[in-house]
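So, here's a batch of structures to check.
One chain, chain A, appears in both complexes that follow, with chain B as partner in the first and chain C in the second.
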Partner chain A sequence: MKDWRYRLAEQRGTLLAFGIFIVMFAIYSGNHPAGFTANVVQTAANKGVLLAFVAMAQTLVVITAGIDLSVGMIFTLTNCMASWLVVGTGLETAFGVLAVLGTGLICGAVNGAIVIYGRLQPIVTTIATGAVYFGLALLLRPVPGGSVNEDLADFLTGRFFGVVPASLVALLVIVLVVWVPFSRSELGRAAYAAGSSETAAYMSGVPIRRGKLLAYTLAGLLAAIGGLFLTFFTYTGEAAYASGNAYTLFSIAAVVLGGVSLFGGKGSAIGAIFGALAFRTIGDLLFVFDFDPLWQPLFQGVILLIAVSLGAFALFRVRNRLEWFL
Partner chain B sequence: MDGTAPLFRMEGISKRYGGVRALEKAELTVTAGSIHAILGENGAGKSTLIKIMAGVVAPDEGRMTLDGSEVTFASPAAANQSGIVCIFQELSLIPELSVADNIVISNPPKRFGMIDRKAQRKIAEEALARAGASDIHPRALVKDLPLSRRQMVEIAKALARKPRILILDEATSALTAADVARVFEVLKRLRSEGLALLYISHRMNEIAELADHCTVFRNGRNVASYPAGSKSDNEVVELMIGREYSHIFPPKPASAPAAATVLEARNLSWADRLDNISLSVRAGEVVGLGGLDGQGQRELLLAFFGVLRGLRGEVLIDGRPVSIASPTAASHGRIGMALIPEDRKTEGLMLPMTVRENLSFAALDRLSKAGIIDRAAEQRLIDDMVGLLAIKTAGLDIPVGALSGGNQQKVVIAKWLMRQPRIILLNDPTRGIDVGTKQELYQLMRKLADAGAAILFYSTDYDELIGCCDRVLVLYDGAVKRELVGAGLTEHALIASALNIHGDDVRIGQGEHA
Partner chain C sequence: MSETTHGGIMGGIAGRMPKFIRRADPAVLTAFACIVVLLLLGSLYSRNFLSPEYLLQQLKVASFLGVIATGMMLVILLGQIDLSVPWAVAAGAMMACAAAAYGSVGVALAIPFGVLCGVAIGIVNGIGVAYLRIPSMIITLATNAVAQGLMVVYTGGFSPQDSATAAMRYLATGFTIPGVPNAVIIWALIGAAMVFALTRTSFGRAVYGIGNRERAAYLSGIDTRRVVMIAFAVSGGLSAFGGVLLAGYASKAAQSMGDAYLLPSIAAVVLGGTSILGGRGSYLGTVAGVILITLLQSILSVMQMPEAGRQIIYGVVIVAMLLLYGRAPASR
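Then we have the complex of A and B:
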């Protein structure tokens, strides 16, 4: 009877993020000198999907009630790696792509193994492993450089049929191949359960450890896909510390905007994708309104603060003050 | 399934937690097609027993046999696979997932490696219907359901696992009367289908209605096993009492002190946990809160201490109505209240910080001048407290987490005594501490009362309530059911009123033993 209401409630966070993004993007393209054209959409998509991939990665870990401060560094490391390996003939390029994605998987699995089997806190673990991954990136690319298979790069950053941005299609494919199966698998549900209440999940015989390990590992993979796309856009590899860190922090912001609870157990990577696209649009809005770019961090911060404050309203309903601290 | 051969046996099961003996050579036999009730006081070992059955904890010794062959369970999942499913007292549902997700959580239906949501929905609907709870929507999130509905989901979840042995640990404690009736019908049907049911409850009338067989536990041992209905409520209570140890309690003042009432509650209610409670505590009086665990005692103390919002009714201090908005307000000024919390590790102490820092936290405002802590005054007061409570510590600057449980508890108490409170609320302060320290705390409590403090003391240990309190109020379902004073304050009366058994019954029992 009220089935649709429950369905709506399930997707509320995602829909809200979608709404925020649509509104922002409408304002943006409406005020863009060129208007809503394929070119404008393509540029926006190419900027947005990078953060979207990293935000998806962050979502997986946040669902387990963890946090991954190394996603930006995996992103940077795989970018540097791709600038060495994703070159040459078709076969060589394919091998390079596999190696880059494999590296991402390994980075994620290492994070997960340390957190789960070493019983260390995710925040500490991923700060440390993030530093290691950046160190490796720096060894690979002491100075910016390298190249990439330009045919593949142009194909994946261009447009299909002259209108559809290829990077958006790639994002959609990754959602269908990685996120949808994960969220519907038993281990995916175990990751949610572990994030929501680890003791209850344990008591119910849920495979908590395998679920969490899978979440961390796939997070590494998604960050690597992001790193790969960065290489396609820039044609180079660069061990940029500030950019890696910015991606990590922005991914957390995107996740929160996307309705994923930092306490774990709730949210969807699709919400985080819209969160990421919305977050990127904030910066673009400043551009169309001719603000000084210096205003961008301040403006982004204020928008983020407003968005996360919405989530705190539930505290007003708490009747036992001790529950504030749970 | 011939009903006479035992389905499941536990023999010589022992379990210790640290130095505390939870189970000692316990035995239990479960037969198919029957409902077996387990009775016992708080801490008699029932919970440990079923945790072992359900694979949550491993026994130190003893063996378990299922269908005649020996089994061990490494995890709850292993026990489930053998057909033993437990509905725990503390719920095992995952709050952020939907009802249907929760029902199939341990073994979701799959199609092409992914969870088949249609099949899941069907299983959930069937299980809810079997549990008599078709009013719950499978898509609802568990965290949005009230406690009674969650308990029904918990029952449906257990049924979806097709158990052979179903354990219900206080599974009806949060249910409404209508739900209880429906659950009973379900349980009786399951019995006729050949399941073995273990039913743990403190509600004697439920056991009388349901059980075929009863086993009483006391001090970690099974002390009696008998067919249901062959013993009176009174005899059962007798079996549950009978502890071998006793404590030395300080003498109580001969007559009730005529001092002024300090703390008073009038018609206090909160959510569905506190129901119209009225009580008063005079200066110099120790008033006990009794009853089974979780009948609202903790909430009552929190209500006085300003932690609960949306409280109805009145709280009076020195006869004047007050509104206490936070623990800070409760402890400051002329109210002067202190709450010794139940869980010293989370609510009482900051474990990694030093003994000195922990002691001073609650009294910093009194020790500071213009925001700067007067170190000399702090040291004097701390020395006084360490002396008064005989806290055994290798120094004031070691982490409080390094002290023994008893000494940690003393630090929690000392911390509040540094404010010289006039009203002291104690929430089961002797749980998990050694007998020697317990005795010291009893002496201290009486000393504080003699010095004029009004004390409200909740304990799950009936001996303590009898030995320490001038009066005891027994709570049941969030309401004060009975007040026991003077000679009427006996273990028998306490247990009987905690179980909410009819009072007349109990008086007959007392007569027999007088």
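Then we have the complex of A and C:
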């Protein structure tokens, strides 16, 4: 095979997610009463970007063959923090943003440290730490409220030159600053290697522990960026259990749609971003077609169920039945 | 496995102990020790803590979690996990109450119908895990979302029948034997059935076998996929039955009633010494875990700890206990 075909095969999941998104968004904007206008794109982008950040966070952990069921709660916690701290003068706001992002880093690092050095299962660990993060969020905001620096919020949720949604630009910047360096670094490759085969990676002297710790930590940071943007959109902080859980769930759906293997070692955050945007668009299709919003949770659940079941097609390629049992 | 892990220093001390303690799982012993410590701490705080009425009340509250944790344990023994508990609980409760709206036949069939809905959720999980080989935490999250969607559609638009039937209330709060709440008897019966199934039937041995190594179990002639499927169906059914009891206890069903049972049911099983990787664990440990969690919740509410503090203490305690004895072997 030629070189480009290998590259194409490697990016197949991402391209598929991109394709699904384009088709879904075409149907969405085609049937939207206002049509394909800057306003519609901006609203869709603002909703989609939140999930995209959380899905990127989930991707980093899923690549290491782990799972982070606390991303939604880190998202909620940082939302509550931002509603206290990201206010006031420019300097105070900057300090607040740094504090919020630092909190996300710490939450992610705690998850990673417990999973890697404590040798506990990611799933139980992150359910338990998720409870802690939600408890902290509830301490900060027993009732919804707070505010945010509205100049910054409006700048980051508005449009550049009247066309380009600022939130999409922010997403692009984060991808360039966080994801691209990570995936090209030695530790990023270690994270992939750990997810692909931890034993083999360990035997070859790959720094799997540091790679995984970095992945978990950056996942916390990305979830915090998501929480920050949620505050920019809503102007308030709210410790909502249901919404935190929903984001965790949707992040897994986005990751699966984005072609990231849940067994680890395969996929990219770019795919997960398109997975997230596609998932959001599919969820909003109901509104364009005037369905009762009551059906939305069921519709999203069914999409998730179908998305995770699609992976089962790989079973037909298995010749030896013993390979069913990993 | 347990010999090699807990040998060494522990072996030296254990050698001088009576036989029944020597044979017991250190994790189960730790859990029971923690229960004693919690009771002592509680009695320092309030004198009523050691009164028979209070303890019986705790046992009754524990039995709801106990029923749900029984199903969770079966799934965890396989090395899988069931994250569809919240909406399986809610669906069981809501559907049982819903059935009661259809005349006397509906009232009579309310409880079986609720449980069957849970079994249906479990069967979808089972098909996904056993036949489609989807990781259990993913497929159970997905069925949880679908169950939630179905319940939202069901409750929306009109106000459904949501009060529990007399039979449900009787099961949860009545007394068949004076002094012993029915809920406790039900938990004891389900627990006894589970102990029997796990230790005396080929199904139970197959569950442990699959949890240790599914490949080996398959090669030794076990229909592993059917066993996994049944285990998930049982887990779904027991979650729904727990929901039915809870609805009877609160005399109505509510949408979010299952949310508070996911983490506790996993925690109870794991704190009771069942390996989250599967293949190892005893029901006695799960009983200890359930009582431990219930007492912890009770003490926190007696101390009037706000919800935020409860969540934090909860998560910290579970991580701390797991770090004590739930660690995986080092990779070398």
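Here is the rule we use: the second predicted complex is superposed on the first by the 325 of 326 C-alpha atoms of A that agree within 3 Å, B and C clash if a C-alpha of one lies under 4 Å from a C-alpha of the other, contacts with A are read in each partner's own complex, and residues count from 1 in each chain.
The rule is short, and it goes like this: contacts are C-beta pairs under 8 Å (C-beta built on N, C-alpha and C of every residue); 3 or more make two chains touch, one makes a residue touch a chain.
Quick caveat, the model's predicted, so the values are computed rather than measured.
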Superposition on chain A - do chain B and chain C clash or fit: clash
First, second, both or neither for A:222, with chain B first and chain C second: neither
Which superposed partner A:262 touches (first chain B, second chain C, both, neither): second
Chain B versus chain C as contact partner of A:156, first or second or both or neither: neither
Contacts of A:297 with chain B and chain C, given as first, second, both or neither: second
More chain A residues in contact - chain B or chain C: C
Chain B versus chain C as contact partner of A:202, first or second or both or neither: both
Partner chain(s) touched by A:184 [first = chain B, second = chain C, both, neither]: first
Touching partner for A:127 - first (chain B), second (chain C), both, neither: second
Touching partner for A:252 - first (chain B), second (chain C), both, neither: second
Stretch in clash, chain B with chain C, out of 114-122, 222-230, 294-302 or 348-356: 348-356
Common ground on chain A, meaning residues reached by chain C in one complex and by chain B in the other: 199, 202, 321-322
Chain C-touching residues of chain A, taken from the complex the two chains share: 67, 114, 118-121, 123-125, 127-132, 134-139, 142, 198-199, 202, 241-242, 249, 252-253, 256, 262-263, 292, 294-302, 304-305, 308-309, 311-312, 315, 321-322, 324-325
Residues on chain B engaged by chain A in the complex (per definition of touch): 56, 75-77, 80, 88, 91-98, 101-102, 105-106, 108, 110, 113-115, 117, 137, 139-141, 157, 270-271, 299, 302, 306-310, 326, 347
Complex interface listing, chain A residues touching chain B: 2-3, 6-7, 9-10, 181, 184-186, 189, 192-193, 195-197, 199-206, 261, 264-266, 318-322
Chain C residues within the chain A interface of the complex: 81, 128, 132-135, 137-139, 141-150, 152-153, 156-157, 214-215, 218-219, 224, 256, 259, 262-263, 266-267, 270, 276-277, 306-316, 318-319, 322-323, 326-332
